Structure formats: C-alpha cells, structure tokens
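Each of the next two complexes has chain A plus one more chain, namely chain B in the first and chain C in the second.
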Partner chain A sequence: MSEQFQELNVADFFYKNKDLVGFDSPHKATYMIVRELVENSLDACDGHKILPDVRVTLSKVEGAGTEERYHIKIVDNGIGVPLEAVPFAFGKVLFGSKYSMRQNRGTFGLGGKMSLLYGQITANSRITITTSQGGGKIYTFEISTDIRTNTPVIHRREEADNKSHFRGVKIEFDFEGDYGKARDKIIEYFYETAMVLPYAQLTFIDPNGSLLFYPRITQKMPNPPLETLPHPHGVDLEMLKRMIMVNPHTSLQVFLSKNFQRVGERTARAFLRSNGFDPHVEVSELNTKQLTKLVTALREYPDFLPPDPSCLSPIGDELLKEGIRRLLSPEHIVVTTRPPRAYEGNPFIVEVGIAYGGAIAPPDKPGKVQLYRFANKIPLLYDEYSDVAMSVIQSINWNQYKIKLDEVPLAFITHVCSTKVPYKTAGKEYVAARPEVEKELELAIKQAARELRVRLSKMEKAEYKERRTEVLRKYLSMMASFSTFLAEKNKEPNIDALFKEGIIKKHRKAELVEDSSSGDLVDETKSEDDKAEGGESESEE
Partner chain B sequence: MEKRPDRSVYARKALKDLGTSIYNQLDVAKFPEVMIPSRQTNNIYYDPKLEQYVLGSKRVVRSADNIKHVKPLAQLLWVARIGKELIDYDRVSTLRDLFYMSKNIDINFVTQQESDEAVYDLEALLSMPRESFNIFPHDRGAIFGDLTVRYRVKGFKDSLINLTDNPDGVNIGPALDNAELVKTTADKVIAIEKGAIFIQMIREKVHEKFNAILIDTTGQASRSARLLIRRLNEELGLPVYILTDCDVWGAHISMVIISGSVNSAHITGLNTPSAKWLGFWPTDINRYKVPTMKMKELDWKRLAELKADPRYKEKFWKEQLDAFERLGLKAELEAFSSKNKSVSQTFLVETYIPDKLKELGAI
Partner chain C sequence: MSEQFQELNVADFFYKNKDLVGFDSPHKATYMIVRELVENSLDACDGHKILPDVRVTLSKVEGAGTEERYHIKIVDNGIGVPLEAVPFAFGKVLFGSKYSMRQNRGTFGLGGKMSLLYGQITANSRITITTSQGGGKIYTFEISTDIRTNTPVIHRREEADNKSHFRGVKIEFDFEGDYGKARDKIIEYFYETAMVLPYAQLTFIDPNGSLLFYPRITQKMPNPPLETLPHPHGVDLEMLKRMIMVNPHTSLQVFLSKNFQRVGERTARAFLRSNGFDPHVEVSELNTKQLTKLVTALREYPDFLPPDPSCLSPIGDELLKEGIRRLLSPEHIVVTTRPPRAYEGNPFIVEVGIAYGGAIAPPDKPGKVQLYRFANKIPLLYDEYSDVAMSVIQSINWNQYKIKLDEVPLAFITHVCSTKVPYKTAGKEYVAARPEVEKELELAIKQAARELRVRLSKMEKAEYKERRTEVLRKYLSMMASFSTFLAEKNKEPNIDALFKEGIIKKHRKAELVEDSSSGDLVDETKSEDDKAEGGESESEE
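Take a look at the complex of A and B:
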C-alpha cells in the first residue's frame, strides 16, 4: 500500500461519501461548515491556552447560479499556522503521521478540510487564508486542492507587514448551501458552545445581518490537554502498521517502550515474555499474522496501568456552572465531575450538570427531557433520543430523588471528553452506549441528582415553614376570636407572641392515638330494606 | 322523682370553660391544646355496670402547633361558638344546617362528614349530646299520653301542655327535648317501633286501657326519643316496655333503647337500662300461631353480628337469639291482625299486650 494511493483515496473518498460526514444536504452542509471551522478555530485557541475570540460572518452571494450561494469568513485568535505548513494544512486531505493522543474537537481536522473541499466542489471556490503567528509578517494564500492527486494548488501568495499584530487564522470561501433551513441549528450551536465555553468570545453575523454575540464572561480556562502516547489497550492493526512504518528498524521491545504510554522497558519485557514474542526482533520483520497476534495481546494484557488522563481537558465544575448560569438562568445548579476512566485504552472523563427552576420551563409534554449534550466541548444537536445520556436519564428511578421528571423544570448537561469519543456515527451526532461510559454517566447523574435533592429539600423546608406559619396564623386568629366569644371576654388574646422566633416547636409527636371514628363494631345504621328509615342513623338528610 | 334542670345551663358553662381554657393558653403565648376522648373503635368498651358502650381512657391531643391539628381544633371551636350562639338566641340547628353555615367563614369544612366529626368531637370533649347545644336531628318519633310538660323554648315559656291534646301525638322535637316533665298519671311507657300501630293504639285508647304513655320510635329510636324515654324512666320513675316486630332488627331497636349504641359511646345518659322488650318475641311465635316469614340472608347476617355483641350475653337475650336461629322465622306486629274478630277489637291490644304485660309483671 503506497502512501500516494492512500492520500488520493482519502480526498476521493470524502468527495464521494460526503453524506457520511454530515454534508448530505445544502442546509446540513451549511451547518457543518460553520461548525467544523469554529471547532478548528477553538482547538487552535484553547488547545494552546489562548482565550478564544472567534468571529464568523456568513453572507449571501447574489446572482450566482440556481442554488443559493454563501460566502463565509471566519477569524480566530489562535496560534496561527506556520508559513510552510499552510498549503498542506488547507490544501491536502491527509491523516496526521504523528501518533499521539490528546483531546481535540476534531480528529485530525478532517471535518474542516471537508468544508473547504465542499466549497470547492459546489461553488468552484478557491480558499483565501490569511495567517500569522503573531510575528512581523502576515501571509495570505489563495489555494485549492487537486482532488485527483490530493495535492495543494497555490494560486496566489502574498506577504505583508503585520502592522496590527494579528495572530490567528482568517479563512474565506464560497459554497452552495441553505441558511434558511440551517439557521436554527447554527444558532443553537453557538448558544450551546457558549454554555461550555464561558471563557470564549463568539460572534456570528448571519446573511440577514443579525448579530449573535456571546461575550467572554470569565478569564479562567481549563488547562489544555497534554499530548500523550497511545495506550496499548487502544491499538489496532492499521495503527500499528503505520507506527512501524515510521520506526521500522527498532527492536520490538524498544518499539513498544518508545511508542506507548504506560510501557517502560521492564513492562515491555514482561509483556513480550508472557505472550511468547521475541523482544529483539526488528518490527519491520513481523508479518501480518504476527502483528495481529501482537495487537490482540496488547489489547488484552491486564498489567498495563490505566491510561494517563493528562491528555484530557474537562470543562471543570466552576466554568460549567458559569456557562449554565449565563444561558439557562436556573435557580439551582449542581455539577459533578467523575474521576478519569478508560475504555479500550482511551481515557475519558464524564461531567454532568443539572439545572433546576428559574428560567427553565417544565417539560411541555410527558417523556420530554431537556438535555444538552457535549463531547469534547462540542454540542451534539442531532439524534438526542439515541444518545446514551438520554437512555441513562430515562432509566433512572427519579422517585428516589423525589423528582417528577415530567413536571419539574430541569435541564441536564452532559459532557464526555476523551481522546476518542465513542460516537455512534461518522457525523458525530450522538454517543454510543459503551458500558464504561454509560456507567460513568449514570454515576455522575445520580450523584448530581442526590445533591439536587439536598438543595430542594432545604428549599422545600423553608417553603414549608413559611406555609406552616401562614396556616397556623390563620387558624389561631380564628381560635382567638372564638375563644374570646366563648369565654365572654372583651379583648382578644394577642397571638403575635406565638410567632416570635424560637417559639414554634417542631412537629410534635404527642398524638396518643390516631383519631378516627370509623368502627368495626356492630354498625347500628345497617338495617333491613323496609326499615331503612329506622336505622339508628345519626346523619340528617 | 328527680327534676332535670334546663340543660342549656350546663352546656353554656361547659362551652365557657372550654373557651376560657383556650383563651388562657393563648394569653400566655402557648399554643392551645385540648384532650379529646378517642372515639376510635379500640377505645370503645361495653360497660356492664352502665349497660352501655362507653369510651375508654385513651385521649387524642389536639394541639394548635401541630399543622395537622390546628384546623380541626379551630373547627371544633367554631362549632362551640355556634353552639353558644344557638343557646344564647334560643335557636336550633342541624348537622346539615351547620355544614352550610360554615360556608360563610373560611373554616374549610370540605364535606359534611368533616363538620359532623367536629360536632362529635365537641360532644366527646364536653361529654354532652349535641342536643345540649341545640344541634338536633330532624324530628323523628312521637309521644302521646297523659303527660304534662313545661316548655323552656322562647315564647312558650311556662306554658303547661298536656300531651293528650293532639290526637296524632306530639313530635319529639327540640322543644320537648329540653322541656320540664311536670306530672303524669300514667304508670308505664310503651314504646312502639311502628308509627301506624302507634296511631292505631291511640284510637284504641291503649293509653287509657293500660295507663301508659305511648311513644312512636319510628324504627331505631332517635337520640331525642331515647333521651325522652330515659327521662320518663329516670325523672318520673315509669317502667318502659318496647313493642317491635318479631325479627332481629326489632330486637336490636329494643337493645339500643336499653343499652345505647356504639355510635353514641361518647355520650352517656341516653339509654334506659331497666327498659324491657315487651315483644314480639320469637319464643311467642309458636304460642300465638300467627303467619310468619322465613328469615332472609340479611337477617341471618345480622343475627350472627348480634350474637357476637356483648350486649346480648344476658340469658334472656341469648334465648331470644337462639330462638331466631332455631326457628329461622320472623313475623310482623300486623300479623296479629289475622286473629282479629272485628276492626274495633284487635287481638294485639285485647290479647297480646295484656298477656305480655302480665308476663313481665307490669299489671
């Protein structure tokens, strides 16, 4: 398998299978283009501890063919792209050659490149890229991709003084789309992104000239994820072959200890011995059969330590709360972060928030759940009821928390971050029910629900106390009046003294017996039909 | 002979005491409470000495600082207030009437059941029937005979009335309930289960023939009727005889007059322990050979209930219940008409009643 063939195949593959990655209709493509570009920009910022400022302008290109044509411009303040990398970063569809693990929104930026490709295919548009890493120069490229050969074609290249000290990337191109139908999803996308990124500033100007603006509300941001080597439990044959291609002439033992996390020389030796591999064999000499055996052994060997979670970047309790508070304005927020766990060598962390009351409305129909799902800080907007988070919420017995799911104003926020989020589809719309992830979601939601119950109980107690005082006061003032009349006094006793702090006792247990006058003794009111009137009835008609 | 004073005097005092107790508790910034005898079945006992059901020693505390109690307690006091007003203005009311009256104050009786309960609680708390504070059942039952009474009702005060004045008898109502029983020439009381026979007996001058005061109980005697019977017995010293159909229901009408009812266990002084069931006994069936009917399923069920009741443990009553069980028959008082020689000479009056009065040693 030659590398050339591989690359050509990738560009061609995406071109022919655009529906698989979510570009299956003009309006879906519009949404995907905005989303993929925003996500690349955000990765270029918060992945490098830069507070993101991302601006998107979408405008209509008039009189250009039968389909609606749009011009998109996105500007970020990320780290920018080095001059020499620009043509390949934007003009060639490729897999990265470096195998490392780190939480990212996109996997290898494929979605972003698909967006550019889509513009080129539908609108015959070249891509204009302006970038600087903050140095003295600013570069502008006009490029396209030769789809057959999967190579970048540079049409124009300019260099200028970076007078405004710009750092980041600006991308512009045209595409055919349908904003009218995509509008709601795009707005929802920005809204939900702002929920988990209170430290980002997001600006969107739509083709109608409407401005959507989410200012930055905090300077705090989570630590960016660190790059780590892959964990041996997550390896597959394809990946192993590629890694060998990069390091063909090392011994198996050295190869393992250099290319995988949690594998030192000693661990590698122990692993190879227990699985009957020769530690000194050169990796390029292993045949496919041996490699398959190696993959199985790596995945199943029980003595590797769990994956290193430093490659993850959860949102964190505080930022999650701030984001939720800003956009949902609830009365109560509880958030839970679970400790890192792993599935198949991929570390993941589950974060959950439950927001209650305030501006949140109760469900408008039974069975409806207000759920905001995120994976690696990306909002998931489609197929909500197929998502594992939804099935977990629906499977929990909410009576246990005295919460009537169909009546109470609740919103759930779930975030799964991982080096490899277990999406069910290529379109990244919902998270699959992996048992490990499902269990963590369940634990997180239950933990949050318990905390919410405690909060609600406190609130209910306060309300109860207030209501109780109101009821007591009402009836006691009646008693004051009645007893004054019965006792033939002139002045009513003052009941205010009863309601001074500290006098109201707790609910008393002094009831000697429950009062009820129903009896199981001979009932005097029963009577034969013709004597019905003769019953010793004490009720009067 | 013991004269009973105007019982509204007692009632007014009891209501004032209750009000004062609540007032004083409120006045010292204490959440008021009362202790009401429990009317629950596990607190109802048969008292062989009083020969009636009574409440045991269990008490229910109703405290105003208990959110569950504060409303019933206020309701109880509201009933007390109405009771005092009824006495003060010499008005009468009924349970139903009271329920409707509650609608113009935010006292929240949801059903009449609830306001009835408040009345029963007040009865139990004061150990007084509600008639004492002028809450009456609809008139049921009538009285006829040479009895002179003095009413205490406004507008009729001090007027003496003889109860032979009305040929249909006089309703046993609120006025009679609290009237002073002044004098009588009668030497016994005959209570009759059926209104038609009561009227028939007046026409046949049974009151004169047997020197008796006649009372129509109209089935189970109302509490007013039972109270009146008790007073005739207690205040005027008249023995009481009860005439009913020959069935388990008739037996129990007698029993309630004699030993009281479970429902009224919280009130003493309504029963007449010395009263006697004059007839028609099941043991009389074979003696008089009148038409009978077979006991129905309901009769058998009732018989089983009565056999388990402590009030029927006495030898006489056991024998009567056993007779029902043995014969499986029942008969009505009207069955004696099958033996009448003419409409003016009824077997019931000419033969049966004198036979039975003799048997019980009344004449």
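Take a look at the complex of A and C:
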C-alpha cells in the first residue's frame, strides 16, 4: 500500500492538460492558435497607441502523416519584444508582460506560449521569431521550450540591419490541426474582432487561399489603458505581506497612500483613525494578527473612492452601437455603460447592448438566446451557456418588460473589461459568475431592457395611431365623395392636406429620433449611470 | 514604449487566478473545498481496496469580520501520507501522487492544495494535518505554503504513539465562505456520491448542526484500478523523447515492448517491419526525423490491441442501475457500457443510463435536459450546458427514436472514467469535447435510446391490448347478461375465467421482465457492445 509522489513544473502541467487551455481537439487548437497570437499582436499595438495592422497566413503543409499539418505566419506592427526578453517571452510558460494592473487581452502569459508548445509537440516544429523595436537592428531567433524544465532553448540567433525599418513581431511555425472544422469560428472571430476595433486593419489568408480583409475605417483610437495601483477593497493578506516586503520601513500612513489607488494622505489618516490604527507605526512591525485586522478593515471601509477606471479601456457607447449596427443590422439599439466597479480590487466596467428587429431573427427554438460576448475587446465564441452573462439573461423575469424572450427578434451584446477578467478557463472561453460582475451585468441588462421597453411601447402606440389614421384616411375619402355628391359639387375637398398639415398626425417614425447617416433608428439618450440602482419598477405606463 | 516582463511560479499563478480552479466566489469556494478534500479522501481509500469512511464537519467561526468564516475538519480511513511527503503533499502546488496512468478522482495535484491555500489567503489559517499509515506513530503537522516560491513552511511538527491504531488523514483549517448559498450543491454532491459508492460510509455535519449520513450498504467493492503503461496510439514526440532518456541503450524492438501496453515482442516486430524500421537499432541513435516518423507510425498503426482497461474502474451495470433507481425512482432504466477506447493513449470507458417515468417529471421548460454527469465516480454539478454529454444529447435527432425530448419524463446519466478525464476546467466542472469521448457518448446514448424505444413500443402495444381487453371485458359482460336473458337462464356464464385463463390475455406487465426485489421494471438484457457501430436504423417496427 503505497503511492508514488511526483512533482510537475508548470510547462509540464499544461502540456499534460491541454484541455485546460482550450487545446482539446485539432480544430479547437487551430482556433486557439490563431486567436491567441492575434490577441498578443493587438495588445502590442493598441495597448501602446499604435494603430494595429495584423496579418495572418495559414497554409497547409503537404506530405505529413494522416493528420493535417499547417504553417502559420503572423506579422504585426506592435512595439516588438526587446532582444534580451525574446527567449523567455516565447520559450517559458508563465513569463510575460501581462501581469500588470491594466487592461490587456492576455492575462495568463500562457495562451501564446501554449500555441508555440502545441506546434512543438504535434509537429516537432521550432518557432521562428523575427522582431525589432524599430531600431537599426532586426533579430531572428529559432527557439523551442524544454518542457521538463520550462526553459527556452535557442537553436539559432541572427542579427541584421533593419533596412525596411520594421517594428513589430513576426512568428512562424508548424502544427497539426483541422482548419476545415475551425474555419467558421475563425472567420467569426475576425469578424467580431473587426466590429469592436474599427481602427485596426486585419488580414487573414486561409489555407484555401481565401482572403479576409478588414480595412481600417477610422484613425480614432481610444486612449490606451494606464497602469494603476491596486484598490484597497481588493487586498488580501498575501498581497499585503508582499507589499510590505518591498517597503518595510515606511509608516503605515505613507505605506497606504503610496501603494494603493484612491488613497491619499488624508484618506489614509481618516481610515486609520476610524479603525484604531497608529498611522506612524512602521509596517514591518505589524504582527500577523494586526495585518489580518488591517486587511479586513481595508476591504470593508466604505469611504474609499471607487476604483480608478483609467486602467480600463471600454469600447464606448458610440463604437459599441456602430459595431452592433454592422454586426446585426437591427431596427433598434439600446446600449448602457455601467460605472466602474471592482472585485478583489480589480476595477471593471460592464457595457451592454440590446438589439431588436431588423435583420435579427426570432430564436429558432425555445430557450435559445442570441448573445454576443466580449471581454477586454475579445469576442468569446465558446461555452456561452456557462457564461455569467447568459445566466443573468436567463434569470431575469422578462414578463416585467413585456418581452417574450422565446419569440421576439432580440440579440444581447455584453462587454466586460477589467484589469483582470475573471475567466473561468485558462482558454478564456467564458467569464465566471463573480458576484460583483454578475450584479453589474444584471443592472446593465435591466436598464437596457427598460429603455427598449419604452421604445417598443412608443412604437406600439405609434402603430396603433397609424392604424387609426389609415382607417380615418379610408373613410374620410368616402365621406368626402359622399358630401361632394350631396352638395352637388364637382370638386372634392383636399383631404390629404389634413394629413399633410398634421391635423391628423402622429405618423409612426415621427416620434422616434432618426439617424440620418445610416437610416437606422438609434437611441441617442445617454443612459444615466446609477438610475438603475434604485427600484426596478417600470415607468412607461 | 516599453513593457515590464515578469515571471510567475505556479502557486502564484493559481493564487492570482482562483477562478480557473473553481474558487470564483465564497459559496463556490465552500463547495470546492468540501468536494476536493472528500475526493482526495476517497482516492486514498477505494483506490487501495479500503472501504471508505469519510467524515466532514463544517462549523462556523464566530467573531470574524463581515465575511463568514468556517472551520472544516475532514477525517478519512485511507492509506495515509508517508511522513516525508506530508509537507509537500499539502504545501506545494503540483506535487502529488495523481500523475500516474490509472483512474483517480484527483488529476491535477491542484484542488486539494488550492483548498488549503484558500484558507491561508482568506482566513490567514495554517493547516493542521494528522496522519498515520497505521504504524506505531502518528504525526501532526502545522503547515502553510510560501506562495512566492511554492514551498511548504512547517510551523509545528509532532510525533506521538498511535494508541488508537489510526490510519488515514485528518485535515483542519479555517476559510472564508458562504455555506448558505453552497448548501444545496454540497448536499447534492454527497447524495450523488453516495449513489455510485454504496460501499462507502459518508458523514457530513453542516454548520447548522444538521447531519447527513450515508451508511455503507454493501461490502462489495470494485477492484481498484491498476497502473499501466501508455498505449502507443497516444504517444507524442515529447513523451517518446522522455522515455528514450530513461532507457537510451535498448533496441527499438525491446524499447517498444517494455514501455507500451499491448505491445509484446511479436507485435513490436510486426509493427517495425511494416513501417520499415530496423528493430535492432539503439533508440538513442534515432534522430529527430526518425523519431517523428516513429511517432506518426505508432499513432496510426491499426493492429495494436485496444487499450487495457485494467487501469479503469467503471461503475458497472448493476451498481449504475441501483444508483439510478435510488436517485430517481424511475419506471424504466436502460444502461449501456461501451468497450474501452483511448484518446491520446489514455484509455476511457463510457457508461450511460436513461431513466424514464416514475418519479421523473417531464422538463419544466423547453430545451431543458435532465442530465446527471459523473466522471471517475465524481458527480459534476456545475456548467452542465458546456459538457460534452449535453452537447451530444442535444445533437441527437430524437424523432428517430420517437422521443419528444421536451415532453417526456426522461433523465440521462453519464459516466466517463479514464486515466485522464479531459476536464475543461481545473475545477473539474465539465468534460471537454474530445472527439473520441464525444463519439463514444453518442454511441452509448443512441444504443440506450434504441433499447428504451423498444421498451416503450412494447409498453404502448401492451397498453393498446389492455385497452382492447377492457373494451371486451365491458361488452362481454353485457353480451353475457343479454345471452343469459335470451336463453331464459338464471346463471350468467363466468366471463372472468376467460381473462384469468388467458384466453383473452396480454395484460400489460406480462410482457415485461419484473424486478421482484424492488417492484421496478428493469431491463436485464445486456447491451451488446459494438452493435451500435453499424447502422442507426430502428428495428422495433
């Protein structure tokens, strides 16, 4: 009766558990490789105020076994990777630049690396990386990862003059995959990505030679998110101990105001006073019991300002509407943006859109919900029924909004952006039901639903009036003919004028704001932030 | 324009990404802690032919902050942990005994450790472990994990005489949680676990003092799974290179027959001949190109025997039926067990049950499917709509089986057991759509559906006959009265005898096998294994 104990390193762990990172079949791996590499490229661009230009070529390698083998090449115009970081950034799992307190597409330092590892495992492929940060030199590396030790192995390293002034990263390798089955999702991925990034240029050439090209349609780009300090509401004991290790000899008051966002000296003093701490004690002198008390107090103190959203980069009402319009061509769009909130000190913003009618079809079967999910501007295409957004939509009592979810042509669009999106899987397929995120999604969707209800009510009233007008129009003309006949006149009175001059008015569209540029109807009313916090009662009646 | 690069160790990674391991809210964490510890305990028992006795006590700790704090104590009678492994087994992430080629509940060496880490992070709690392997000594450790370095810290270590002859592990610590919200899932978890483990004794005392007690109802226990070698169909280059490192100086033929299951010397020779390899070459002399060719050949060679299922421990038809009967009290149960298959060299077995009628209600809304999922005898209670079993059920054309999925009282029970269940999340919430697993689930469910259809057809026919009999019974008595009157007799002929003697027969239940012990109807026909591979046509017409 005995067991063998063993230790794994992290590269080994993910190599042995590819499903955890989304690489659970050849076609899913194909999708993940494209997606992870595109996301790293986009982070290297718009995260640094560079208009992205990302080009992906996927081609088939002939003559391998029965498995299909592909060659991927991706080129971006991002900031590039510094020479000394190249081997680790591409050849060591859990090494990266994504562990900061600001919004990034990448979070784990894992997906890109897993893509390369997948090539290595399935096709014995080394990775060729060419990069420059725009200086006089351009570097080419051929590397692989020693999985047993999670260390990079450099097979070739070259340096050349950067004659073409290239700046960015080019990656190439082979892998075994299944593009046939992955095709639809990959195309959907580029499509939805382009929708929320009109300032990006995206090119994809697939193994059949088809070209997917999304040109840049605006030069306007949101400001890149800034790096911030953690918010005091999200501290835990481990975090606090680490911070103290870096600054052991400061006073508690200075320590708080230097290490947390939204805590100035005055706030620090007020906080410490109201919790009975000595502001002048040196932080290294606090014992564990005091630290535990401090953590609890920091998490629960109600008077800290809400988290600073400058580390976030939401899509914004305008771009979101524009995206929805192009994605779905609906008749109505309502969008709501919630104010920044935080979970565990990670600020986040929820944006929601509901689109109605137009090209949207009613659900093809009961229980089906049309939901387009985005997180940090990434479209999420798998496992939607496990996503917190879906469970929120399903938990809402739609009768309250007089919306029959199974019958009306409705689509939901949700975007959660955060310094740390609480993904449930390392493959970033869906967002976990963190209570704070759940709450904000619920408020945003309900707020949008209320607005949509108002819109639909107006439309229904307008339709009723229009029907009534039509009846009047029909009988008025008969009455006019009859009166003319009785009065023994020849010329009937001009009834049309009655309508034209608005004596019998209220034509349907007149009540709604018309968006002249697109011909669609859009709501230009900004949703007021916290109105939804109060009651949930309807107001349109 | 620059980025900071940084490295994370694996404890740090999971500490920062608790959602990935299922710890995404206080109530989910409460559930995960109970579940992960129970599973480790069960592995330590039935994995070693010990009848499990697992006792869990969850109690509330008063006087903490606004968050609710709990104390958990779990005691098992498993094999215990050897003295020298204790600090690492409980204080180092990705260290464990679960990385072997045999069926275990634990797979990642992660969940138990995360439970302890969660206590440390939220409640600053050290972990107290008492263990003995049944010898003269019993050991108590108080430990924590240094997350920055992923190393255990021993705060206290005691040794005492094992007077009570204790064998097993006792773990105690505090954590912040939410039992109120976790209660239903935890109770469901124990309930479903007890259903598939009638040989286990499970005790749970909850914070309200309620006792949940499942006594052992049988001493019969399936044989524990044996450890095996990898199957050649699942090899990859990385794996092959590692194996060669351990045995560099053997000939290719000996290497194959020693390191893979189902490859004897004759098979090895036949395989090597048909793929043009020299059987006598020393494996360390193969270059990468040859190794790649060897991997492809091993994966694709059709004449290896299917994987050895002795490393697996399925529930078995009888226990599965018994479990379903107690879980759901249905009118009909059909079960199918598929033959062992493999994905990536990991053998797996799929078992499926369909239960019909009785205490099962029809779906309360369209699109809803009643599905009870098990993996390696663990009930899976979250994210069912992402599970491969659900997508398989939804993809089947049920009209083929004349079953209206939205209307009939139907429940599905699926069990996937494997040396490595392809979980999609490290929190083991659901199984990924590995094509091989998907295929087997589909075949098993279709096969069970066909049997159910036959059963329901018979029932429908029997019901039709019964109705006809009832009509006869009604008119025959009138005819008898009338004839008696016409014949001027007083005594009517005994019609009941016609029915009793079976002249007018075919009472409903007579056509079906009756299980006298339970009063339920069960199908004793064993499903023939591979019948389903062929056509999908119906046979009952």
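Just so it is clear, the second predicted complex is superposed on the first by the 364 of 541 C-alpha atoms of A that agree within 3 Å, B and C clash if a C-alpha of one lies under 4 Å from a C-alpha of the other, contacts with A are read in each partner's own complex, and residues count from 1 in each chain.
We adopt the following convention: a contact is a pair of C-beta atoms (placed from the backbone, for glycine too) under 8 Å apart; a residue touches a chain by one contact, two chains touch by 3 or more.
Model, not experiment: these values are computed from the prediction.
A.B. asks: Regarding the shared-chain residue A:I79, is it in contact with chain B (first), chain C (second), both, or neither?
C.D. replies: A:I79 sits against chain C, while chain B stays out of touch.
A.B. asks: Figure out whether A:F482 sits in contact with chain B (first) or chain C (second), or with both, or with neither.
C.D. replies: A:F482: touches chain B, not chain C.
A.B. asks: Who does A:N17 touch here: chain B (first), chain C (second), both, or neither?
C.D. replies: second
A.B. asks: Once chain A of both complexes is superposed, is A:E62 in touch with chain B (first), chain C (second), both, or neither?
C.D. replies: In the superposition, A:E62 contacts neither chain B nor chain C.
A.B. asks: Between chain B (first) and chain C (second), which, if any, makes contact with A:V471: first, second, both or neither?
C.D. replies: first
A.B. asks: Quick one: classify A:P422 as touching chain B (first), chain C (second), both or neither.
C.D. replies: Only chain C; A:P422 stays clear of chain B.
A.B. asks: Looking at chain A, does chain B or chain C touch a larger number of its residues?
C.D. replies: When the residues of chain A touched by each partner are counted, C comes out ahead.
A.B. asks: Name the contact category of A:D364: first (chain B only), second (chain C only), both, or neither.
C.D. replies: After superposing on A, A:D364 lies clear of both chain B and chain C.
A.B. asks: Which partner does A:R148 reach: the first (chain B), the second (chain C), both, or neither?
C.D. replies: Touch status of A:R148: second partner only.
A.B. asks: Scan A:A497 for contacts with chain B and chain C and give back first, second, both or neither.
C.D. replies: A:A497: touches chain B, not chain C.
A.B. asks: With the touch criterion stated at the top, can you tell me which chain A residues are shared between the chain B interface and the chain C interface?
C.D. replies: Common to the two interfaces on chain A: nothing.
A.B. asks: In their shared complex, at which residues does chain C touch chain A?
C.D. replies: Contacts found on chain C: 1-10, 13, 15-17, 19-20, 24-25, 28, 48, 64-67, 79, 82, 85, 88-89, 92, 94-97, 99-100, 107-109, 120-122, 124, 133, 147-148, 236-238, 242, 288, 291-292, 296, 299-300, 365-368, 383, 385-386, 406, 420, 422-427, 429-430, 432-435.
A.B. asks: Flag every residue of chain A that touches chain B in the complex, lowest number first.
C.D. replies: Per the stated touch rule, the residues are 468, 471-472, 474-476, 478-480, 482-489, 493-495, 497-498, 500, 503-505, 507-508, 510-529, 531, 533-541.
A.B. asks: Quick one: which bits of chain B touch chain A in the complex? Just the residue numbers, please.
C.D. replies: Its residues touching chain A are 15-16, 18-20, 22-23, 26-27, 29-32, 36, 38-44, 53, 58-61, 63-67, 70-71, 73-74, 77-78, 80-81, 84, 94-96, 105-107, 112, 116-117, 120, 137-138, 193, 217-223, 247, 249, 252-253, 256, 261-264, 296, 298-299, 302, 305-306, 308-309.
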